[in-house]
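Next up, some structures in structure tokens.
Both complexes below contain chain A, partnered by chain B and then by chain C.
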Partner chain A sequence: MSLLRYQVRSLMIVRAFERGALYPVPLDAIHTVSYLADALATSWRLKPLDNAVLKTQWVPRSQPLQTAVDRLTGMGLIRATKVEYVVRDSRHALQAEYAVDLDRAADVFAVLDGDSEWIAENTAIGEISFAVTAMGRERAPRAVLVDASYSDPLLDNNNVLSLSSGIDDEPTRTESAGRSLGAIAKERVGHALTPAELTSLYVRHLYALSGEA
Partner chain B sequence: MIQFPIITRLSVNDYELYPGTEEEPGLQAVFQPGLTLVIGANGLGKSTFVSLLFRMLTGNAELKNMGYATMGSGQVDIRSMYNHELRTFVDRVGDAAREATATVEFSLGSTVIHATRRLATLTLVDLVADGVEQEPTEGEFRAAIVDAADLDSFLSWFLVLRYLVFYSDERRSLVWDPTAQRRILPLLFLPPSEIAPIEELTERILKEDSTVRNLAAALKKREKELRTQERALDSLPEAQSELESLREQRAEAEERLEELRDEFVVAEVERSRTRLEALRAADDEQSVGAELERLRLMEVKRAFPTADESAAYMLTHLFAEGQCLVCGHAAEEAAAAMAERLRSRHCVVCDTELDPADAVDQGAADLAGTRQRLEDARYALADALEQRAQADKDYVDCISEMADAQDRISKTTAQVMRIERSLPESDRTVVKLRESLDEIRADNEIARQRVLFAKERLARLVDAQNRLLSRYRDQIKDGFDSHATGFLVEHCSLVWGSNAEQIGQLGRSIPYSVFQVDMTGGARENASRRESASQVSESQREFIDLAFRMALIGVAGEGGIGTLVMDAPEGSLDAVFAPRAAEVLTSFGFGDGQSRVIITSNLVDGQLIPRLAEKAQIRGVEDSRIINLFRIAASTAAIRDHRDEYDAALDRAFRAPGEDR
Partner chain C sequence: MVADSGSQWSVEKLEGRFVASYGVGSDADLPELIRFIRGVTELARSRHARGEEFTEQPVIFVLHPKEPAVDFGARSRNPRVPMLDQGDSSIGGLIWFVNHVVNDGFSVAQLDNDSPATLFSYISRDLGLGSTAAAVVSKMDGEFVVRFYPNGLDDPDTCVRQSLEVSRLDCGEVLDVLDGIWRNELVTPLAQGHVSSTWSDPSKLIPIKEAELLVQRILKIGLTARYLGVFKVHQEHAGASGRFDLLIEQPDPADRSRVTKHVLLELKVLREKRSTGSTFPPAENVAAIRKGIIQAVSYRDEWDVKACALCVFDMRKEVEGSAAFDGVETEAMHNSVDLWIRHLFPDSDSYREYQYAGGS
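After this line comes the complex of A and B, so read on.
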């Protein structure tokens, strides 16, 4: 997957948070949204960017996504603040918050917004980011940790979590869980939920779980 | 939860290998809580002691369909020992062990069992359960055990003994054998009602899978017959020749498909391994990169306390990673020049000499070390990514080639059928053969579908079983940590992972949850997956397995108690690890006050025996927790000729700490 694809996704995510309460957007939230977009890729008819992630006790960090964020900072399209490095389990990790420079990035967004190829991904990213924003600063970082795929008890830390077999469109556990919630909701509202509604419902479910976790 | 055996007594009488002494003939052992040490030399019957104890608990049962080193994926069952296997105890003595008997006493929960067997044949001569005399038959013995141990079958009992309780000279490992784990973990933690449907379905799949293969063989045979018959027909030689050629093409494609299925299993495993390695390498690289960036950021912030954070972020990257975030190019020279300005207390941008108060402590050693680690992490990542790319390619190529082969088979089959139909049916034999071929093909397809359907069901049942087992995951991991930490210098942990096992040859593999081992060491800074015993040293292999067994007994055993019998641990231990091994072995024996650890050892110099004795507070060779084979067993020529040297060595081994050695 090219660096450009990751840069586009990073820009989409940072912009999606722009008008919400979680802005400038913490780095973990960027990785969280990207992870959820991959975990829900089939529902949104997207191709996952990272179809395999290393399960740890933290939010999974995609190395190419991080490189993209760094490059965008260097190019001046996004700004970094509150840069610091934390030590978790004897391992160092970057923490920072990011804001988009809408003027500098205007040309890029003009292309993305006018290209039908990007619209589905942009919509998905927008919906997921919106739902994650609603979780609030405290619980948002825990969203991934209670996600159906990431928290699968059959998969211990330090194992590969596959989000796509690469062969078929088999739903991930995240999607299966979302669809189960959708089926219950359908009984109540009388119609099938849109991907956006399903996403929102699923992330709200993560909000509830993250409170119990 | 099951009841592990607590072995309390063993008595061996009229066996020439263990004549005993005048005051106490034979071998009379009482196993007290904690450690019992069986001490001897080559030829005195240490391994025979372990084997005898094992056979007292299993009778003449043995596993059939057992792999050599690992369990093997076929259906495992119990069989009777062959005559030559029964000669183990007979061949050690001159009188064919005609009169020799042994009695074992052990408890399973509140049930106490006494069993006496003839050593020559292992037949039961006496059986008492809870003080009540029973018919001395294997049936009664097995039923009493299965009932008291809370197990589903005697096969389970046998597996528990072989893989958990006894660590004999055969060194059969559990932690490195995923197939053994997939059979043993359920029987330790799940009720028989959960295990039975999976066992039955697995057995059915294996049987039906075998039927499919037989039908495929019958199909090939009939096709060959048909070809012979058709060649005999004079008519339409061109059509016959085309038919022949198509059938050959189809046979080649079928053969290739079979090969590819095997290759696919290997490619899938390699792809999983390289994916994990690549992700871990990327994680390591990110972590070390962040560490270096942190050091550089501290410098930049000290030099530019008012700098915009994004500017600091960019400079940090430039210094740490040698990459310009503005244009994306490598900028090692610019980075070096700027770093030099920082080091010489000049402004990075304008080169003005700074006030000494603004001096930057670069922690040069830290930086150099971290930079080197980052370099290493990058090489490791590049290597892991290359391996992953190759494994992905092999995997995709394999899938694509399988699809091609399948396509060739379908096309040639359709062509063959078209030509067959166009051939004259004047020859009755040919007509009959074609009909019979069609029938076998239909039967084969039905049987195939049945297997595939059953495998889907099995996958669902196994998934549910995996989830039930996962409830015990953390307890087992904690138990393992507490035992393994005492022995290993490297950091070693259990990881709850998945092993895709192919049941039969048809359909997809089934993912069974099993434990795997991650351990630091070698060239890698961080832990890496050790998928087989060959990836660790011999002593690590043994003690990792032992720690795993202890953890399982601790969690699965009612009250966390059990017995562990280990033959000759000293063989794989060097001077540093012998005391550590003593620590681990005795920790199991004394943890709860009831468990038993029975260890046989050669009388060797070194720390193992003295440390075991010290930890167990054994004060001398006369202690009842020492089974002294020098005194009990028939002397070998070496013992007779060097008795004094052995006595001196024995004295040294059990001298109290602090006394002269």
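After this line comes the complex of A and C, so read on.
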């Protein structure tokens, strides 16, 4: 997957949080939204950027996404504050908060907002970011840790987790949870859930679970 | 169900989540201002259903999720409330600063001696947010209402008021709202100016390919804006008998999975030409009307909706009016389908001529 797509996704995420108000957005929240966009890609009919992640006890960091964030910071399109390093698994991990420079990025957003190729991705990233915003600064980065797939008790840390299923594959645990919510909607209110409704319900369940964890 | 999930992902747990949160995100395709007022309305109704009392002292919501760069003075500033729209926190006695989906925000306290006038003045003058969209929830003349100021509190004349206690909606009322939307947003290419047009080339009477879909979207936005979110408008959901166009329902604020389905609207666009410019056979327009009646009845019965209407937008040259329903009126009446037709004029001249000749 080209670095450009990761850069576009990073910009979309930071701008969505600017509108949603969890802002400046913590780095883990950026990776959280990107993870959920891939885990819920089937619902949004998107092609995931990362098909798999390494399960750890932390929020999974997509290396290409991090490279994209670093590049955008270097280009001055987003700004990093509260930069520090924390030790995770005996390694130093970057922590920071990011804000978008709307003036500098205006031309980029003008292209993205006017190009039909990016509409679906932009909508999905926006709605996922708004849903995660509602979790608040403390719990938002913990959403992935309780995600149905990432928290699979049958998958130990340091194993690779597939984020989306192929056409003939078994659905992932996240996809199964989405299907269950869709079936409940059919039974209760008689119609299917839109991708944004499903995302909101799913993230609200993560919020509840993150409080129990 | 998620395999080996224990209780966290059980159907029972997910059903609980559904009951508490159904409908969140259903407005993703609406403009931010509409989402804001819809969110405020849902939150206020949810709090009301939980027993929170509202008085004439207004609860004010300002669409400004960021901290204003001012000192709040004697007013205490409360922490941000995650999942604000779940309605778990009391909202009364406060000024709220929220995002457009009203799921996150913080508040500052009102003072004991605050009047509605001092609160409006505080937001406008002290905070400098007089031109920021705002919504006010309060009791007025004994009625629980929301008032929406899209241009901010500095423009009090531009305000829409909606009762939050209303629980009935009939077809006639909805069709009256459609009249307003048609007149303001659809009747001529000029009226459609700020949105994508239903016309590809109005001078040749050529519509765009997705004219009906565009009309659907405009009606959805217009209806949601008119009712300030008290009623929810669904667009294009599939069932066994096909996809309905628009469905207006109202969730029970105490249990969002319990909905009253008030009105179903089946839309048809009559046309002179196809989007390619070739002639559209008149017989297909006649057939579309009869098909629309059958669809309206089928969807109403399948989705258990109280009432339905066939709404026709006529993009042909000649204004036929309700004569377009000749031959099907009895069938529609027998099946309790309301019929409604309005013309989409290709230019302002022909609309003026129509009005001059006595058309409404």
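As a working rule, the second predicted complex is superposed on the first by the 202 of 213 C-alpha atoms of A that agree within 3 Å, B and C clash if a C-alpha of one lies under 4 Å from a C-alpha of the other, contacts with A are read in each partner's own complex, and residues count from 1 in each chain.
Here is the rule we use: a contact is a pair of C-beta atoms (placed from the backbone, for glycine too) under 8 Å apart; a residue touches a chain by one contact, two chains touch by 3 or more.
Note that the structure is predicted; figures quoted are calculated from it, not measured.
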*asked:* Do chain B and chain C fit side by side on chain A in the superposed arrangement, or is it a clash?
replied: fit
*Check the residue A:Leu155 against both partner chains and state whether it touches chain B (first), chain C (second), both, or neither.*
first
*Considering only touches as defined above, state whether A:His205 meets chain B (first), chain C (second), both or neither.*
second
*Touch check for A:Ala131: first (chain B), second (chain C), both, or neither?*
second
*May I ask you to decide whether A:Leu46 touches chain B, chain C, both, or neither, giving the answer as first, second, both or neither?*
neither
_Geometry of the superposed three-chain model: angle at chain A (Cα centres of chain B and chain C, steps of 10 degrees)_ = 140
*Could you figure out whether chain B or chain C reaches more residues of chain A?*
C
_According to the stated criteria, A:Ala177 is in contact with first (chain B), second (chain C), both, or neither; which is it?_
second
*Given the touch rule stated above, what does A:Val108 touch, chain B (first), chain C (second), both, or neither?*
neither
*asked:* Let me test your reading of the model: by the given contact rule, A:Thr123 touches which partner, first (chain B), second (chain C), both or neither?
replied: second
*Smallest distance from any CA atom of chain C to any CA atom of chain B, in Å, after fitting*: 5
*Looking at chain A, which of its residues have contacts with both chain B and chain C?*
153-154
_chain A - residues contacting chain B, complex_ = 52-54, 56, 61, 63, 66, 70-71, 73-76, 79-83, 85, 91-94, 96, 153-160, 162, 166-167
*Okay, in this complex, where on chain C does chain A touch?*
1-6, 8-9, 11, 13-15, 17-18, 20-26, 28, 32, 65-66, 80, 82-86, 99-101, 103-105, 234, 237-239, 257, 259, 303-304
_Under the stated contact criterion, what part of chain B meets chain A in this complex?_
272, 275-276, 279-280, 282-283, 285-288, 290-291, 293-294, 297, 309-310, 312-314, 316-317, 324-328, 396, 399, 463, 466-467, 470-471, 473, 495-498, 513, 518, 527, 529
*Give every residue of chain A touching chain C within the complex, in rising order.*
19-23, 123, 126-127, 130-131, 133-137, 139, 146, 148, 151-154, 173, 176-177, 180-181, 184-185, 188-192, 194, 196-201, 204-205, 207-209, 212
